[in-house]
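Listed after this line are the structures, all set down as structure tokens.
The following pair of complexes shares a single chain, subunit A, combined with subunit B in the former and subunit C in the latter.
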Partner chain A sequence: MGSRLDPGEGGVSEQRFASGFLFPGAVWLLLFFLVPLGILLAISFGTTDDLGNSLYGWHPENYRDAFDPLFAPVLLRSVGYALATVVLCLAIGYPIAYYIARFGGRRKNVLIALVVLPFFVNYLVRTYAWVAILGDEGIFNGAMNTDIRFLNTPYAVIGGLVYGYLAFMILPIYAALDRMDPSLIEAGKDLYGSRWHTFRHVTFPHTFQGVLAGAVLVFLPAVGDFVSAQLLGGPDEYMVGNLIQQQFFAAENWPFGAALTTLMMLFLLIFMVMYLRSAAKASREAMA
Partner chain B sequence: MSTVAERPAAIAPERASARPPKDFDRPRFLRVFAWIFYLFMFAPIALVVLFSFNSSRSLQNFEGFSFTWYDRFFSSESLRSSLIASIEIAAVTMVVATTLGTMLAYGLVRARTRWSGAANVMMLIPLVTPEIVAGVSALLLFTQIGLHLSLTTIILGHITFSISYVTVVVRGRLASLGPEVENAALDLGATRLQTFRLVTLPELWPAVLAAGLLVFALSFDDFVLSFFTTGESPQPLPVRIWSAIRFGVTPTINAIGSFMLAISLLAIGLALFLPRLLGRRESGLGVLLGREGA
Partner chain C sequence: MSLSRRELLRSGAGLAIGAAGLSGCQLNSGVQASAGETRKPFAKKIDGDLAYFNWGEYINPDIVKDFEKRYGVKVRESNFDSMPAMMAKLRAGISYDLIFPTAEFAQRLIRGNQLRVFDHDKLRNADAVFDQFQQPWYDRNSAHTTPYTIYATGLGYRGDKVGELSGTWRDLVSPEAEGRSFILDDFQEGIGMANMVNGYDLNTVDPEELDRSKDFLIDLKPKLRGFSSDTIGNMTSGNAWIQHLWNGDVVNVRNQVDNPEDFKFQKCREGIPVGSDTFAIPVNAKHPGTALMFIDFVLEPENAARNVEWIGYPMPYRGGAEEAFAGLVKDDPSIAVTVNDLDNGQQYENLEGEGRKAWDRAWTQVKVA
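Entry: the complex of A and B
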């Protein structure tokens, strides 16, 4: 208000003005993101009536059931598949990010855009393309005249996850490598470090934040995925996402589905907090 | 396909002229590895597009060029209404999420209230939450408040997860602007709103546009959230693809997938090149990836 006459007073009015901008988006996220998570938690302690409708209540056995010998292997499998996905994404993604950042030259942007591009092809279509390629009578077996069983194996499901989430690993590592001063690597070599030693003691530690970010960004969606296991695997490869999906659309046991979802969210929360803290630190460093 | 794979190879001589090459510095296997990587990424997509033009039902042998499957796609009234539904969802999501997200970004950068920290965390969490969690909790919310599942519920869900993308992109741009120009405008007698409209917003446009188109593409392609929040009909295209795949692979899906790819590419292409067409020096990719970093 008074800013026009007295810039010194602008602070208060600027705060009010900017807070007004904050308000609609924050309220939206509160209503449509946080409140639903609360409802999720409430229903996860609920039960169902004879018609399958959800009723609120106090039934912690939903959580006990999740660790039932029938379901516990599914939870473990989800974490195992997601970890394998992270390791593979790192093994493939790091060299690619390194190649683009160090040797991409003027085409860096094009090469990075090509990494991101497949991400904008519908995930279902991309996954289903692999069904056509790897199926028992698919393109690969047809072309090679072989009879290899790819689908309905853990390898196919993990492969699908890697294909789906690889870009999440490459981008943060690329960003970290791109920020890094290449003369550091030259220095390591000038000091007679071997290629491997330079990588281990100079390059990798300098990009560790990026690796960590990539690992979390791949791990989080991979744990919750159900498309890859459904299309490329079978019931023996089902992950927690498939289990949750079944509770909502086949078994009609929403409280149990909610309990599974809550458990997964709580487990992943550790990694989210880790990621958000390191991202906050990185952005503070970038500003400084 | 081949043009994609050839690119890494084309780089070598170019770089050699830019900087004296060091042989030990550029391991050959990396280049080969990059080739294989791009092949692996694009081969499945290329196959989908190729077989969408196949004249026969075969998914193994390409037996001639035809538009049969596109014809099937567009002559099916229910698929057409699904396509329109998908575009509607993405368009509404784009407009609302871009508005809310841009405002949120401005508020987060400029406001220093005690709520800023909490709002910032609340904005970031949707970005790292697995979609199935967002889908399940949205479904529970809508059924608990008695909202009939329809295109509206899908749009509400999509807006929620899109706001954060917009905020992150626009905030990066805003942080690089600094408050100096705004302060100059205020000193010259502009009101806060005039300053925002005449000074801040024009500087933000490339980021806002790029973020909006990104959101359009993400929403148009989204399956998981739509799957949990969709009503009976019309259902968005990805949900239709899901039901169709479960009955077995048919070439019509290739046509739908290729067509969706074309629309997404259009949105992303616009996001990348519009800033330049508007006479800006920076590319959209820089705007989108610029400050996000790790």
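Entry: the complex of A and C
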């Protein structure tokens, strides 16, 4: 952590003053994050009555069932799709972030606003739009006079994920590039570095933490996503998110769905911890 | 900083333990009700806007508009895409005034004290209901429901793309469909179809039989395009050449496309699941009076007739509804479904406890395979 919060530097009263501002956020997190998490955990050990209501109890078999090897391919597929999504988002997002940060000039803020603009429309609705565009007799095939089957394929699902989460990659990379001193790139060139070498040895390492943040921000929601596979996928594109969604809204088995959710969160926590450690290390190195 | 974070963590864990300590208590108090609450009397009069909860595209929108106009209220429409999805919303305690459960889910809701008792004498046209529904198996004396429609499940298909089908459920994966086949994303209809193909009782809970039905569906998967209950969307968009669906949806699709003669329906010889949907008023409805007014309005012979023509399903009432469906059947006998089919055909039962769990497990296994 930075040293700004050490009492010695800012003074005790200033720290108190700053802590006061944390209060609404802390209440918010307690009410809408920790409490639901506790309820989820409690449900995951429960069972249901004939109406499907969750009953609390001690039924660890929900967790035993979750470790059924049947589910392993679904988890692997989800991780695979999410990794592919991260790679594609990086390949598409980095150049966009680079262009905006280095050559955006006065239009920088407008360009960033344009990146964020699609978020004004709900992800589900935007994905429905793709169904209309990519259908067999949809807008694309109609306009191009082609007969391409886009929908219900893994490509459509990964495409949907990339489309849905691209901004999460662009924004942190843009922030890292924007912070970077452009004279470093000039220095690289002055030292006879080719454009590629300068990028590889100067620009990219300087923005690596942004890339990592982007990768985590894209990976986490993508691996648990169910909308893309539900609307754009076929029978063989079933993801963990779909499995969990099915337990809640089809099987009416909230306890099993909650157990799967809890395990999924623990699994994702591994990636989160890895990222946080890397970020902490980078910030220590930057201080040194 | 770090202190308060630790405090937060500790109180979070405390909450979890505290919640778990309520062992045996129910979580969603919103859907707990006593038999007494279901019998609270109410008047058949407009008592506010109508919170309406039904399948999508399952009522003639003109009827809704006319109701709003005649009584000066709003109909706030929400949709579900499966019975379990409807149940999830009800369990969450959301208050609706009018819902449309299938017979077997109506029975489940009645057993759980979730539906209001209402007086059929207040409905001017309810006595036109077919005799077979005077004493329905799912609702003694029809105390909590009145029928909405009857349906049969079969295959909708594009005659111009796949030609004629051969009369079996296995046509789903006929090569002519080139992989453009969808199965309903519905655990009952999915497992039920497989049970019929295998010659089992529609509602079997025998583990070995369910296992083989599960395997049948898994074998179909490589030749399917997907599991989807957006039947009308799939067919009108051209994404589905063969779609597992309910008979009336074909009529609805035909009303929306330029080439209605190409959209056909097949009842399959291994067996046809037949069922019925109902009007029902949830126990926590805020405007049961408006709900009853709305049911009455839909059952007016003229409205029932134009509703049947629009949704494509028969409503089991003598008069306008009966004549309207007879007209549809004259154009296409394949979509016919009658109350006799309810006696002869197989109806989904209300699966409870382990039986329901076994079906859900089989369906999950189909999905993840």
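We adopt the following convention: the second predicted complex is superposed on the first by the 225 of 288 C-alpha atoms of A that agree within 3 Å, B and C clash if a C-alpha of one lies under 4 Å from a C-alpha of the other, contacts with A are read in each partner's own complex, and residues count from 1 in each chain.
Methods note: a residue touches a chain if its C-beta (ideal position, glycine included) is under 8 Å from a C-beta of that chain, and two chains touch if they have at least 3 such contacts.
This structure is a prediction, so every number in the text was calculated from the model and none was measured.
By the touch criterion stated above, A:G193 is placed in contact with neither subunit B nor subunit C.
In the superposition on chain A, A:G138 contacts both subunit B and subunit C. In the superposed pair of complexes, A:L22 makes contact with subunit B and with subunit C alike. Within the superposed three-chain model, A:V223 lies in touch with subunit B and out of touch with subunit C [touch as defined at top]. In the superposed model, A:F32 lies in contact with subunit B only, and not with subunit C. When the shared chain is aligned, subunit B comes close enough to touch A:G104, but subunit C does not. Of the two partner chains, subunit C is the only one that A:D50 touches; subunit B does not reach it. A count of residues in subunit A touched by subunit B and by subunit C gives the higher number to B.
With both structures placed on the common chain, the touch criterion links A:P154 to neither subunit B nor subunit C.
When the two complexes are overlaid on their common chain A, residue A:F248 makes contact with subunit B and with subunit C alike.
19, 22, 26, 29-30, 34-35, 37, 39, 43, 54, 131-132, 135, 137-138, 248 are the residues of subunit A that lie in the contact sets of both subunit B and subunit C, per the superposition on chain A. Residues of subunit C that touch subunit A in their complex: 1, 4, 8, 11-13, 15-16, 18-20, 22-28, 31-32, 82, 84-85, 87-88, 91, 108-109, 111-112, 114, 180, 185, 187, 221-222, 224-227, 237-239, 352-353, 357, 360, 363-365, 367-369.
Residue ranges on subunit A touching subunit B, taken from their complex, read 3-4, 7, 10, 13-15, 17-26, 28-30, 32-37, 39-40, 43, 54, 92, 95-96, 98-100, 103-107, 109-115, 117-118, 120-126, 128-133, 135, 137-139, 142-143, 163, 166, 171-172, 175-176, 179, 189, 195, 209-210, 213, 216-217, 220-221, 223-227, 231, 241, 244-245, 248, 254, 257-258, 261, 264-265, 268, 272, 275-276, 278-279, 282-283, 286-287. Against subunit A, the residues of subunit B that register as touching in their complex are 4, 7-8, 10-12, 14-15, 18, 24-27, 30-31, 33-34, 37-38, 40-45, 47-48, 51, 59-61, 100-101, 103-104, 106-113, 115-116, 119, 121-126, 128-134, 136-141, 143-144, 156-157, 159-160, 163-164, 167, 175, 183, 186-187, 189, 191-193, 217, 221, 223-224, 228, 238, 241-242, 245, 249, 253, 256-257, 260-261, 264-265, 268, 272, 283, 285-286, 289, 291-294. On subunit A, the positions that touch subunit C within their shared complex are 1, 5, 19, 22, 26, 29-30, 34-35, 37-39, 41-43, 45-46, 49-58, 70-71, 73-74, 131-132, 135-138, 151-152, 233-236, 238, 242-243, 246-253.
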